[in-house]
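Chains: A, B, C, D, E and F, in written order; residue numbering restarts at 1 for each.
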Amino acid sequence: MDAARPDTRYERGLKNLAAIDGAAGERVIDALADVAPDFARLLIEFPFGDIYDRPGLDLRSREIATVAALAALGNARPQLEVHLHAALNVGVSREELIEILMQMAVYAGFPAALNGLFAAKAVFAERDAVAAGRAP
Amino acid sequence: MDAARPDTRYERGLKNLAAIDGAAGERVIDALADVAPDFARLLIEFPFGDIYDRPGLDLRSREIATVAALAALGNARPQLEVHLHAALNVGVSREELIEILMQMAVYAGFPAALNGLFAAKAVFAERDAVAAGRAP
Amino acid sequence: MDAARPDTRYERGLKNLAAIDGAAGERVIDALADVAPDFARLLIEFPFGDIYDRPGLDLRSREIATVAALAALGNARPQLEVHLHAALNVGVSREELIEILMQMAVYAGFPAALNGLFAAKAVFAERDAVAAGRAP
Amino acid sequence: MDAARPDTRYERGLKNLAAIDGAAGERVIDALADVAPDFARLLIEFPFGDIYDRPGLDLRSREIATVAALAALGNARPQLEVHLHAALNVGVSREELIEILMQMAVYAGFPAALNGLFAAKAVFAERDAVAAGRAP
Amino acid sequence: MDAARPDTRYERGLKNLAAIDGAAGERVIDALADVAPDFARLLIEFPFGDIYDRPGLDLRSREIATVAALAALGNARPQLEVHLHAALNVGVSREELIEILMQMAVYAGFPAALNGLFAAKAVFAERDAVAAGRAP
Amino acid sequence: MDAARPDTRYERGLKNLAAIDGAAGERVIDALADVAPDFARLLIEFPFGDIYDRPGLDLRSREIATVAALAALGNARPQLEVHLHAALNVGVSREELIEILMQMAVYAGFPAALNGLFAAKAVFAERDAVAAGRAP
């Protein structure tokens, strides 16, 4: 059983990645396949196998923290979009996401908040398009 | 009644600041008194009167977002300590704070997470000292 | 008259926004309308109603500070372009803007300066196109 | 005459450094003497010999830009203090510096503004102590 | 001979720029010609005439440092691409570049590493296209 | 043998940490013991067990990249000092470290370079004190 640990860690990460990031997470892994396949594996194992798998904090709170951090840093738009999807996937509402991004004006300035809100606008539109049966 | 709105906004901010940041928030306001008293007023009015007062997101989630953002930015240690206190004040547990800070290793790197964890260590020690009846 | 204060604060902000950012500022407010209308209001009230309205610093100096900060941060290209327009609107010359952006090489590195200079190049071209009667 | 150009560039930088940064600039140069003397020379030649020497922007505007950028970046406290002194040396008033730092709340967040204001408080106190004939 | 020093410094920089950044460096200089020609000169003189010309560190190590720094900062994609080319030009292998970028996950977070890896993917594809006789 | 993989990963990381960071690394692990012991384990396993253990880049190049990144980010002084020690431990010379830090002036600005150089000055003095038989 212990012998299976490394596989389990990877598999646990893969399962968490699918549950949290959904199709957006898979696209990142696919995009890494030809340039840095080992990094795809580490991305599954460490953030999703080690960190998101820990029981001490619920996924909703984890995604609130991630969206806030990425919006505040302001230099990771693709990852912010992935995690806006992820936050919606684990039960954070659109209204709550808007509040989190607005709050970033206090800690990282109005440009960071504005750019985060425009990322949310794009993500909401994409989900509405998918829900309406239109290609994203 | 509408005439009282500006005062209300300041008073609402002052009440929120006291409830969230406690004594640490008051110390910041006091420290601004001789150099930038208008900024003390704006700090009460905008972050605490406008943003934290909004009903769309609970205070617990707001503090999770703030702690994550400040730890990720990594250049605001005094404010991170204030909000680690604030998070504990509004019901985030020590264990949850540790999880949030550990998670920042994924989004802002291990140094940001480490420095956040050491800020938490200092805040926890300060609260233990106060609880034990010792001066902070 | 005091009863009108909240409206006045919003109206003062709207007037300052129009005078400083011009059409670019209006486009930002419009883009927020469907995703975060409350943030559009706060953006008018706090930066433009509270900060830019203060008498202690002339608008020319305020825009020099803003252009420098946004170029140095390097992660807010849309806002930098808005404020390059704004700086020109309040009397900073093109030559002075180039000097400010060049100076950022000293404090934030050559890439930040370069990206700021290319933003200025785009803004100047846009204004030349408008002045020549061509659509931006 | 042209043959003297390289010396002139260094000398021009030294003169500008003394006029702008004063004693604080000299202390930085001295501190570099045993670890990176070549960097001391480059610091005199490039920022002060090349950039601050250019005629296209007055020194007052240059220091406004520098204070804004350093406060916004938030990770260069010693250099921010040097340039708060410098800004005062070239004619920016204390009141104007407070306005610039307050304005940074809009572009880089309240923590950046707060930390900038506390740096200003320390610089003002240092200058008051010197003016009162007390050792800094 | 000493009279020629300023020209030599510029010429030395131009030679180093060509050897290190190649065509990508020239494109940057050209793009600056109409907006900030003096900055093009300073870019040649200071980074390439002063810094990269110093004998104390080999070019391979210099490019490793630059790629790491630009990927970690995360807000200078165009310059990161220029220096991924440069690193390959001075003997860093593709495999080594991937390792450097992966390592940035530890110090600047997974988004910074991911965005660096995708920049490398684009640069590698561009070089493969050129090698295959296709226009970049 | 495969069954021992997880232990091996931790042990590999511990061995690499000792070889690279030496006593400074151990102090970080010890300081985490009471506040976040799981993070101490992850720090050993991911950066040192996964990343630094990879054969595709020599340790000397890895430390050049890390020192450059930490100096450029400018908000991780304790970690920069640890890795200045580490770089010296794996064969980067003092002169080369000074060159790397000076070069950061180009990519992250003169304040980042200056603060990095002063960190190096402190690290060199600490090592000289130890070499001279004095307590650090």
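The rule is short, and it goes like this: contacts are C-beta pairs under 8 Å (C-beta built on N, C-alpha and C of every residue); 3 or more make two chains touch, one makes a residue touch a chain.
Since this is a predicted model, take the numbers as computed values, not measurements.
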Topological distance between chain C and chain F, in contact steps: 1
Chain whose Cα centroid lies at the greatest distance from that of chain A: D
Same or different contact residues where chain E meets its copy chain C, judged by the half mark: different
Distance-maximising chain from chain B - centres being C-alpha averages: E
Averaged-CA centre spacing for the pair chain C and chain A, given as whole angstrom: 31
Cα-centroid distance, chain A relative to chain F, in whole angstrom: 29
Distance from the mean Cα position of chain F to that of chain E, given in whole angstrom: 25
Residues of chain A engaged with two or more neighbouring chains: 38, 42, 46-47, 51, 54, 70, 72-76, 79, 98, 102, 105-112
Chain E-touching residues of chain C, taken from the complex the two chains share: 73-75, 98, 101-102, 105, 109-115, 117-118, 120-121, 124
Contact set on chain F toward chain B in their complex: 28, 31-32, 34-36, 38-39, 42-43, 47, 70, 73-76, 78-79
Contacting residues of chain C [partner chain F, same complex]: 72, 105-112
Residue numbers on chain F that touch chain E, as the complex places them: 46-47, 51-52, 54, 56-57, 61-62, 64-73, 76, 79, 95-96, 98-100, 102-108
In the complex, chain D residues that touch chain E: 2-3, 5-6, 9, 38, 42, 45-46, 50-51, 54
